[in-house]
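One chain, chain A, links the two complexes that follow: it is found with chain B in the first and with chain C in the second.
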Partner chain A sequence: MKLTLHIWRQRDRGDRGRFVTYRLDDVSPHMSFLEMLDVLNEQLVGRGEEPVAFDHDCREGICGACGVVINGLPHGGFPGTTTCQLHMRHFQDGDEITVEPWRSKAFPVIKDLVVDRSALDRIAQAGGFISVRTGSAPEANSVPGPKEAADLAMDAAECIGCGACVAACPNGAAMLFTAAKISHLGLLPQGQPERERRARNMVSAMQREGFGACTNYRECEAACPKRISINFIARMNRDFLKASLLHGRERGGKRQAR
Partner chain B sequence: MKLDAKIPGGPLQQKWSDYLNDIKLVSPANKRKFEIIVVGTGLAGASVAATLAELGYRVLAFCYQDSSRRAHSISAQGGINAAKNYPNDGDSVWRLFYDTIKGGDFRSREANVYRLAEVSNSIIDQCVAQGVPFAREYGGGLANRSFGGALVSRTFYARGQTGQQLLLGAYAALMRQVAAGQVELHPRCEMLDLVVADGRARGIVTRRLETGQIETWSAHAVLLASGGYGNAFYLSTNAKGCNATAAWRAYKRGAGFANPCFTQIHPTCIPRSGDYQSKLTLMSESLRNDGRVWVPARKGDRRDPGDIPEAERDYYLERMYPTFGNLVPRDVASRAAKRMCDDGHGVGPSGQGVYLDFAAAIERLGEQAVRERYGNLFEMYERITGEDPYRVPMRIYPAVHYTMGGLWVDYNLMSTIPGLFVLGEANFSDHGANRLGASALMQGLADGYFIAPFTLGHYLAGEKPPALDTSHPAFADARRQVEERIGRLLGIGGPHSVDHFHRRLGAILWDKCGMGRRGEGLEQAIGEIRGLREEFWKQVRVPGGAEGLNPELEKAGRVADFLELGELMCRDALERRESCGGHFREEYQTEEGEALRDDANFTHAAVWEYRGDDQEPARHAEPLNLEVVKPSQRSYK
Partner chain C sequence: MQAALSFYGTAVGKKMVVAVTGLFLFLFLLIHMLGNLQLFAGPEALNHYAAFLHSKPVLVWGFRVLVAGAFALHILATLQLFLQNLGARPVPYRVKRTVEIDYSSRTMIWSGPLVLLFLLYHLLHLTVGSVHPDFSAGDVYRNVVTAFSLWPVAAVYIGANLLLGFHLKHGLWSWFQTLGLAHPRYNRWRNCFAWLLALLLATGNIAMPVAVLAGWVD
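Our next item is the complex of A and B:
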């Protein structure tokens, strides 16, 4: 099939950027979206032009590296699908496709379709872990974990950190990403000791990074390629609220007289 | 090149614990003074970086992705082995050891493999404590499943995303140390050379991928955990960025490269669909637990699978290997599939495919149970092929998946360059000529959490490498070479893209150094690769400049290295005149078409030494003195 692509080109962080139109013939319906971009790039290289930069690695929907906004929707808006897993059979001969990077204040564009998502790593650094020393762990089966909780934790843990939730949110919030980690760890017996502290620290980090607030648009859930439920945000809010209430006590060991 | 494996004395079962009792320790105050470079943040790299930082070392960690969480380990699906024996089916450290040695076709070091089996249980404890949500049973205990090459259920898993969950556990530990200021993390930063000063590995040269800035870094030791080289074949199940550059640069600086021809071709991948294909997708081996592999019994039978009656199907693995059936090891399953297709029984548009059928499992367990076990894999399959595997059998074909070969290391995981340690898939150590499923994750985490932190300390305490910074001339020298090479690549301005050359290299390797190899073919391949390499350096076009993000330039450097490594793979395959594991020399097979080892002449690791671009590399051998196991003809019948 033949396609017309309007692709965002931007030289570097400082460049203002613009859409450039490309035409592509002979696109096979079995190609993935990224393979279609590969074909375009190979043609660009052949013509001595600079290829379109985009992030990708695993090309099977798990590393979270890929991600572009296709016709206005992160990853193209197909349920449970990352850009690398999107196949061209979902498009039709003669289609026009707009391709843009994630748009969010917290994700500056580095080049073309590549953005800087390091803010997500910094949220993880603020508390997305269980503090256990290597070698100090108890025997694995000595702490039984209810299957239901483990399964629910796994639902949250499936987050690939691609940032589609942020790109989809009109407020540019990273609530779903942060909530997924807080819920994953908070649902497990091993995650209890640091549960409140984790919620407090990760939520504060999220705010510091310039992500917006949640006003329940639910776009994040719709865009998430791992179909992570927005219910986890409610769970995070509960943990955060509890943590904020407990905060004074924790600091002093006793309620502080103010 | 001196190859001293430094295997501790004493009985096999005692070696590691005696070693731990004997090694030198670094005092807490001194740990702070040591800087350690870790290249790679996959399971091996993230786990070792976090553990060393926790011990008090100052760690510098590097990866090429935008976040360390995206290392290729993330895509491992099926599971991780450990000798817990939770299912009470007779497993033990000894059995895990034995299965791994046998699975590797008796081409690995006993002491290393035994240690791996020994620490396997601690890995599971560690990961559970970190919050890895492994599958559980209703009673709250951990669940297990079986994998190829074993008769026990010893594989722990987190749905079809075990690698993801283990890596996120290690990533979390790493993030904790970054926050504590113990690890300085450099994502989007690619190592382009190793710096060897005064005979020791003392640093690296990197390129910042966003800006193109070249930097040098010094340290007391360098740890490579940079993954495998399966992408030499162009099409593989590896992530697109996986590369051999870090390991290859180390080889060219004097580190021995062991068994480069030992590559694993995985039997269950989605067949390729066209020339534009950029990678192949694995369907986890765990599917062979419940899926049955078959082809039409009649050659060239083009009917729909549903129209082929039971009696006209050949469940060839069950027929040829009644004991292990669909669960034979990977090399055996891959070769059998190739043979079926070569004989004209292949299915699908290209004839390069066999069926993996779940009809019986769905009937036995119900669709829901199958969905619970493999839902995400089925979904992945459907997304790629547009076919519903709950109704139509999957089509699968073997694809390059893993590399058992890698930089040679001794028992301490140290290469032939003092101060250069190699962990995870990048080293050659534990899987011999064929890796069993769910053992790579185990090895990466064993190396990173439980082995290297001790062996590195032993090295530092014993050798006390003196302080040294990047003003040593070796740094400027390495940096200049890196810059010159980048300049050369950008200056060629030929007519062909980097991928053009990579695809051609892949085709040569797949045809002549893939599932079946022959002496003549390998000789031809060596000539062809040399020609291709020359052509590359004259005809490649790398657009853009040295500054700024330039993915084509990144690829060009990696492919240039694959073009050299590819030749060494063929050379190694040529010199190993026997068949073993994934290395199948067609000249050496039993009457039944099974691999025919030559234990008298080849019970060794072949270790290659670089001697300059204009000289042939030298082949050395580390004899594998198998003292405990008796090599037998591997039989899965």
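Our next item is the complex of A and C:
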């Protein structure tokens, strides 16, 4: 099929950037979106032009590297699909496709469609860990936990950190990402010791990075390629509220003078 | 103090202030509406109720201070969040589509201030009386009926309460989500609840100007 592509081109962080239009004549419907971009790049290199830079790694929907906004929706807006898993059969001959990078103050464009998502890493570093003793691996069944909580933790842990939630949110908020990371550990027995600190520190880290605030539009949930629910945002809010109310107050273990 | 500041310093903390003050304002409006609906019980009932309120200055002024405080916090926090959101995407998308957003959620930042403007008008109109054509302190019933007999005035009241209904349709649903009250078992009721209460408040308030215009109350 024939396609007209409007692609964001930007040399580096300092460049102002612009849309450039390309025509592709021979796109197979069996290609993935990234393979279609590969074909474009081969032609560009053949003509001696600079290829379009885009992020990718696994190309099987698990690494979270490949996000771009396609016709106004992150990853193209097909349920549970990353850009690398999106196939050209979803488009029609003659379609015009606009491809843009994630737009967020916290995600500066490095080049073309590639953005710097290390703001998400810094949020994770603020609390997305558990403290474990080193040494030989413990017996797997020695820490009992309810199956429902484990399942829910797995749903949250599916987050691949692609940033589609931020890209989709009209406010540029990173609530769904942060909520998924907080909940994933907060649901497991191993995550309990740091649970309250984690909620406070990660919510504060999100603030420092310049993301927007939630107005409960639910666009993030619709855009998430792992279909992560905004119920986790409610859970994060709950943990954050509890942690803020009880912070530093838990010192009633000894009889105190009245 | 330190803890309160770091709580309010985050978007989640501010949003919780919006939620708690919003619910308080809603509850106030509900009581306010229930009181005013005595319009349908006739002049004695409504004027008697007004006289009762005026005989309790501590109650009335206590409520006024609380409501003004809640308004101030509600507006301050939403304004700060709005500015934060404006700054979060300096370069806009050329093409942007949305999937879930509806009219109510998109217009919160406009329905709110418009309701505030209406509120100022309403205070000057039926509390202070300075923009009322024929105000007599104490005869609340007559003030209301003469006010709403002018269709443009009635239209302003009806329009403002429709906006308030939209604000609350999203706001009351949001309230649960913001304060972390979510559970798959009850989630679908949250939207019903928001619709029902928003509809209740809007229709209750709108019933009064409509009744006067239609001549059911005079």
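Operating definition for what follows: the second predicted complex is superposed on the first by the 245 of 258 C-alpha atoms of A that agree within 3 Å, B and C clash if a C-alpha of one lies under 4 Å from a C-alpha of the other, contacts with A are read in each partner's own complex, and residues count from 1 in each chain.
Note that in this section contacts are C-beta pairs under 8 Å (C-beta built on N, C-alpha and C of every residue); 3 or more make two chains touch, one makes a residue touch a chain.
Just so we're clear, the structure is a prediction, and the values are computed from it rather than from any experiment.
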| item | value |
| --- | --- |
| Touching partner for A:Val68 - first (chain B), second (chain C), both, neither | neither |
| First, second, both or neither for A:Ala106, with chain B first and chain C second | second |
| First (chain B), second (chain C), both or neither touched by A:Ile230 | second |
| Which of chain B and chain C A:Cys165 touches, first, second, both or neither | neither |
| Which of chain B and chain C A:Thr215 touches, first, second, both or neither | second |
| Which superposed partner A:Leu241 touches (first chain B, second chain C, both, neither) | second |
| Complex interface listing, chain A residues touching chain C | 6, 19, 69, 71-73, 77, 98, 100, 103-106, 170-173, 175, 200, 203-204, 206-207, 210-219, 221-223, 230-231, 233-241, 244, 247-248 |
| Residues of chain C that touch chain A when the two form their complex | 3, 6-7, 9-16, 81, 84-85, 87-101, 105-106, 108, 170, 173-174, 176-184, 187 |
| Chain B - residues contacting chain A, complex | 47, 50-51, 54, 65-70, 72, 74-75, 84, 86, 121-122, 124-131, 133-142, 158-159, 161, 164-165, 168, 171-173, 175-176, 178-179, 187, 210, 239-241, 273-274, 276-279, 281-282, 379-380, 383-384, 386, 449-450, 453, 495, 497, 499-500, 541, 543-544, 548-549, 551-552 |
| Footprint of chain B on chain A - complex, ascending | 11-12, 28, 30-32, 34-35, 38-39, 42, 44-46, 48-51, 53, 55-65, 80-81, 85, 87, 89, 110-111, 114, 116-118, 120-121, 124-126, 128-141, 143-147, 150-151, 153-154, 157-158, 160-161, 184-185, 188, 190-191 |
